[in-house]
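Report on the following structure.
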Amino acid sequence: MGRYVIRRLLQFIPTVLGTMFLLHYMTSLAIQFSGNPVRALFGDRTPPPALLEAITERLGYGDPCLSQKGNWCIGLFGDRLQSVFFHFDFGINLRQREVTDLVADALPFTLKLLVIAILFEAVVGIAAGVLAGLRGGSFTDYLVKISTVFIISVPIFVLGVVVREFVGVKFGNVLRGQDWIPDVISTGMFSPGFKPDYPFASLIIPGMVLGAVSLATTARLTRTSIMENIRADYVRTAKAKGLTNKRVIGVHTLRNSLIPVITFLGVDIGAAMAGAVVTETIFNVPGIGRLVTMSARTGESSVVVGVVTMLVLVVLVANLLVDLLYAVLDPRIRYE
Amino acid sequence: MRGKFLKVAVVATATAMLATACGGGGSNDETAGKSGGTLRVYNAEPAFLTPSGGDDEPSLYVIRQLYRGLVKYNAQTSAVENDLAESVESTDQKLWTIKLKSGYTFDNGEPVNADAFIRSWNFAAYSPNAQNNGYFMKRIAGIKDVQSTDPDGDGPEKAPEPKAKELAGLKKVDDLTFTVELEAPFSGFPTTIGYPGFFPMAEACVADIAKCNETPIGNGPYKIDGNWQHNVAINLVRSDSWKGDAGKPDRIEYRIFADVDAGYAAFQGGELDVMYTVPPARYKEAKATYGDRMFELAGDSFTYVGFPLYMDEFKDKKVRQALSLAIDRQSIIDAVFDGRFAPASSFVAPSFEGARPDVCKYCQKDVEKAKQLLAEAGGWPAGKKLTLWANAGAGHDQWLQAVGDQIKAALNIDYELKVNLQFAEYLETADKKKFTGPFRLGWGPDYPFMETFLYPLYGTGAGSNNSGYSNAQFDELMKAGDSAASMQAAIPSYQQAEDILGEELPVIPMWWRKEAAIYSENVDQFVWNAVADADYGATSLKQN
Amino acid sequence: MTDVNVKLDALPGLDPNALPLEVKNLQVEFRTRNGIAHAVNGVSFDLRAGETRAILGESGCGKSVTAQAIMGILDTPPGFVTGGEILYRGVDLLKLPESERRKVRANRIAMIFQDALSALNPVFTVGFQLAELFRKHRGMSRQDAKARAIELLDLVKIPAARQRVNDYPHQFSGGMRQRVMIAMALALDPEVLIADEPTTALDVTVQAQIMALLAELQQERNMGLVLITHDMGVVADVADRISVMYAGRVIEEAGVDDIYASPAHPYTKGLLESIPRLDLKGQELSAIKGLPPALTNLPSGCAFNPRCRYAQDVCRKDPAPSLLQVSPSRTAACHFWKEVKGDE
Amino acid sequence: MSDLTSAGAAVGGAPVTGDGPPIGAPGGEGKERSASLWADARRQLVRDPVFMISFFYILVVSSMAAFPKLWTSQDPRDCTTDRSRIAPSGEHPFGFDILGCDYYSHAIYGARPSMVIAVMATGGIVVFGGVLGLLAGYYGGWVDSIISRVMDIFFSLPFLLGAIVFLTVIKRQNIWTIAAVLFLLAWPTIARIIRGSVISSKDLDYVHAAKAVGASNGRLMFRHILPNAIAPMLVYATIVLGSFVAAEATLTFLGVGLAPPAQSWGIMISVHQVYFLEDPWLLLFPCGLLVGTVLSFILMGDALRDALDPKFR
């Protein structure tokens, strides 16, 4: 196991470097071909060249390779690697803030959102999947099947906007009109978006929207998995052992059925982080996804490279943990 | 990012509208509205909270409560009134003497004296400091020496140190007096210094500008409570060190939204007291829902379609006039913007002193005349498509498409849209004069003075003259206005210059943005400053 | 748990002197999208204590379904028991409520499955799976249950039981896994053991060991054994009585010697002829021609008639006869049993 | 968004770790069995109403994309702001959009970019991902190491974030670039699926037999090993088609997808979503078409999987 982990960690190195270089090259190309992002800061008015240059220099976009189309900017990449790995310096954004600060500001919100989303999709998704899987072909099964496919089909931004308007604003306003409902519910949970006064409660609904798509997948996966396992020989053995139905399902079926589901949930962390882009925009959550989108839009390559690199690391570590968890859950798998 | 800098003097005619619209408005000497309470307002994430750095709307909204400058603008008449200045005077419009009132301090106890202003302006102007508002120091003598240029353009060498660290045009006379020498006479100088880029900064602030950005050291009626919570909130409380008229609310909380729709949802959910803007698509709904709690005012943000005069197709003014005549501005405004804009028929914001309607004779739809003018000009090259340019991701494609549709219908010129450039690339294209067809751009005034709408956009070689327009007579008239004895005296020259534009049409004026703000039932009196927009410090809350 | 120390004597109608297992006219059908399959169509047999009853037949003939129906672990849906009786010491299991029925399983009637690898839960140690029986049925503590699990592994002759109790099923060899299965089945001292093809997946040498072990344990405990198999060789070694099944029916029922000496049904005869015999080396093996019929679409008349060399019109028109008495101790479901038998 | 991962996971098993029971459980009897597998599958699918309805719906949408003139004679570019947001009527069943263009013809013409993007990107990942997966699985060793590391790079980029970064950087947002970005970020999934099933079928007896009689590497890969991997790939490809249709809309909403004057369902939805309280039909029509398409692809994928996977018989 130990050797396996070390090997996997070593494999991270080319992956992370590759990802960083890919991002570096893409963003360098962007500057080479479509111009200095600093220029956009001034909008309609043309800045004095001196000022433009000074700001460009300060932000690290002054490297001459950035004005030669197609240049790989290897030197700049080297500098970036050096500052990232030796000084933990990811550069600054157009507003001259440290990327590490930006991430530190944004991360807690995204993490909270993720926790809520993953919990929601795990609990509700697995429950729905188990219900449907145990009663294959029943009404519940069809209900779960159809509603989950439907959720997957609706673009998440439509879902988000509809939920914000109807649950956050319309329904929330009804609740806010009732005195007996505690504030944390009426103005916290059912608010139209993130609220600093209720940093957790106001993220519940956005988190649920974020988790909705994966919830559907979780439910489908659980359902399929349960249906496969419920017919498995060892489940029959468990029944033949005279165990109660609860134990046959709860211990002998579920444990096996949840292995792929848990794997999915682990991998989904990365996807959910990306999905947070949409949710965070709609519900005004100042998280990582929004940070990356905005930076990409304003062409802040240092931010994009820095933040996405960090996210990639998170995804890689999450994947490794999932693989290890997989080995714990399924003794047939041994990594050596 | 279409920055809106200063807000403009509302002329007498607009005052009446303002008065009825906001229920009496509120200038500082009026004792309307009681003080107290917490005002929760919508804001986007500011770029900077320092006077030298913040040049975008969200920044200015915060800076104006944290800091105060030499002059301020009357909420209703928008006339320039002294704030920290005792007097701002000049005899030749070139050398200005500024006297300060005594007794004002920063929140950290430092005095607000002549040094504070000189320090702040020098800091902004010195190019290695990379301050966005260095742009506004461009008229002060010696500006070239504090800004360095890269000798080989974008080449490998770094820009050298500027020749001087300080602006030669700024001279301290005594603690409360200093003089400002301009590069060239400018009669409108007193109006410019009410812009936050000219607000003073404490020594401690300039010493550690990054820290000052997170925890501003202001000199205004409010001070920050805690730090700038990026992307979340900025909370201000009333400052005890402020000697002027105190702000009405005890506390101003700026809630930060990345998406205006999300902000509107929060307003609907009762989480905000003021939104200084309404999402365009929700304007109708907001008007219906909030009716008397919506404040509207003709604004001064200008949207135009520029002609690339460096292209042969657009050299003949009749072609330009014909294209302008083909457009039904009101219809586009109604369809795409729910009426949130006012059609433009001039080049200077209607609210500005000296502005006149219908300067442009070709800004009303008239298909017959358009066809005739185009025919006189020799027609449009057969088969050539008109390329319409706009930057991507800002929703301009919608209305530009409508413009194209109308031109196609009226003049049978087929069009294509070129709307995929991000703003930075788009602006560089503009700077390099690489547009291949009419292009969308906007303009907001830098100060409440006609000149700001004229010279920067149409003066020969001026910074934002993206059309490449050049007219000696126009330049001459501008110069005459700049050297006029007073702001009033400058107006006739400027008006003549505008008339030239009305005939030559280097750009097609499209529309002026209408300001629309909404406020909640908690608000007792909402105050909109004609120049500086929503004035949160003057807005009062209902006291229970 | 509720089922601590179940006293099964409390079962209503329990008659200690009745047979440990008696199946009467059992009917099972599978309701599928393609129609109803009559998987078991009137199967009857009985089992005495200490006796080994073999149920013989090709795959798909309903023998495993019969076993599952007896255990009450049929997948419902699609499988339904639609008729007949399953009597444990005089008590009809089919009439018991599920909670009572559950207590019969493993305690009174236990089962061994064909493929021990898939029949053991891959994610739990064998110790856990053994101990579970004691904990849930006998209410033992974890430690006691584990001690019993080790004893059981010893009983089925798994070397180093103390260490292996913590291993997972996939860490055992095929034979060892089947021993674990046996241990599990015997854990609660059942009176009836149903072994569904217990050796099919194993090497011949291991097969013999397992069968020997089963026989030994059966004798020790005077346990009734229902051996379900398609392997005539295994049957000859261990069975006392044989029921031959075809297409959901028992078509011949006799003592092991009688059947081997003179089968009374053409199908049995066919099966015996298809066993390779050393003494007939060099001769071609005769196999039964054709394939077993689909249960959803049985041929009219006797289900075996398309493959039967004795078949005549009556076989094609009339349904196969119910079991005819061939001798006092044996029956066969063939109009022409005399010809079949006499042929030999 | 998790659309893609969900598609991956929806195929069953865990595409990520590649362990667990091999998908499709290659039996070993080779071509004979696979022939009957496909025949059985076809028979089962034809009788499955859900599959047939979905299939029919996709046919309809494809015909809109291929031959919009079949469905409408209106020119979607014939717009005038005088007709802005007029509600649906008999003559104009979907009404008019904010620029006064006929919304029905807009929706018909909008099918093309959505479908073309999805089809191109899916085709790309099937071919490219399939070949790389095959090579990695078949040769193993350093070939596998290199391909796997490259897969890791793209796989570890969260899908939506990666798309945003690439598309904002490319700055030319048209059908080609969007398809290319979807392709770039999605091919590793299919490569993994193929790699997994190649590895598990590489050791099958008939492959050894073919090798023993001297079949070339190419023949072994394409004639003997690949057919075993087709079923899971087909299921995944069908579902991913749906995900791509949805992804186009989401990218457009985020401002990195197609932009007007191009016409696509994504543009229709994201432009009009702000009006959904006032004129809900502006959102409902394109959304309905889009959801129907995605739904159909997913249901088809489900049905295919059920038909092709012996476990579900």
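Letters A, B, C and D mark the chains as written, and numbering starts fresh at 1 in each.
Methods note: a contact is a pair of C-beta atoms (placed from the backbone, for glycine too) under 8 Å apart; a residue touches a chain by one contact, two chains touch by 3 or more.
The chain list, named the UniProt way, goes like this: A = ABC transporter permease; B = 4-phytase; C = Methionine ABC transporter ATP-binding protein; D = Peptide ABC transporter permease.
Predicted model only: the values in this text are computed from it and were never measured.
Considering the contact criterion stated above, the chains in touch with subunit A (ABC transporter permease) and with subunit D alike are B. When the interfaces A-C and A-B are ranked by how many C-beta pairs touch across them, A-B comes first. Of all chains, the one whose mean C-alpha position sits at the greatest distance from that of subunit C is B. Taking the mean of each chain's C-alpha atoms, the chain closest to the overall C-alpha centroid is A. The centroid of the Cα atoms in subunit A (ABC transporter permease) and the matching centroid in subunit C are 53 Å apart.
Inter-chain centre distance (subunit A (ABC transporter permease) to subunit B (4-phytase), centres taken as mean C-alpha positions): 38 Å. Centre-to-centre separation of subunit B (4-phytase) and subunit D, using mean CA positions: 47 Å.
Shown for subunit B (4-phytase) are the residues in touch with two or more other chains, namely 261, 393, 421-422, 425. Under the contact definition stated at the top, not a single residue of subunit C touches 2 or more other chains. Within subunit D, contacts with two or more other chains are made by residues 168, 171, 255, 277. Inter-chain contacts, as defined above, occur between A-B, A-C, A-D, B-D. Partner subunit A (ABC transporter permease) is touched in their complex by these residues of subunit B (4-phytase): 1-3, 47-48, 127-132, 134-135, 138, 147-150, 154-156, 158-159, 162, 210, 213, 229-233, 255-259, 261-263, 265-266, 268-271, 393, 421-425, 427-429, 431, 441-444, 446, 456, 463-464. By the touch criterion given at the top, residues 137, 231-234, 236-244, 247, 252, 255-256, 259, 329-332 of subunit A (ABC transporter permease) touch subunit C in their complex. Looking at the complex, you find that subunit C touches subunit A (ABC transporter permease) at residues 1-3, 68, 71-73, 75, 77, 102-107, 110-111, 113, 115, 118-124, 132-133, 136-137, 168, 170, 184.
By the touch rule above, subunit D contacts subunit B (4-phytase) in their complex via residues 77, 79-82, 84-85, 98-100, 168, 171-174, 255, 259-261, 271, 274-275, 277-278. The part of subunit D that touches subunit A (ABC transporter permease) in the complex is made up of residues 1-6, 9-10, 12-14, 16-17, 19-20, 149-150, 152-153, 156-162, 164-166, 168-171, 242, 246, 249-250, 253-256, 269-270, 273, 276-277, 283, 287, 290-292, 294-295, 298-299, 302, 311.
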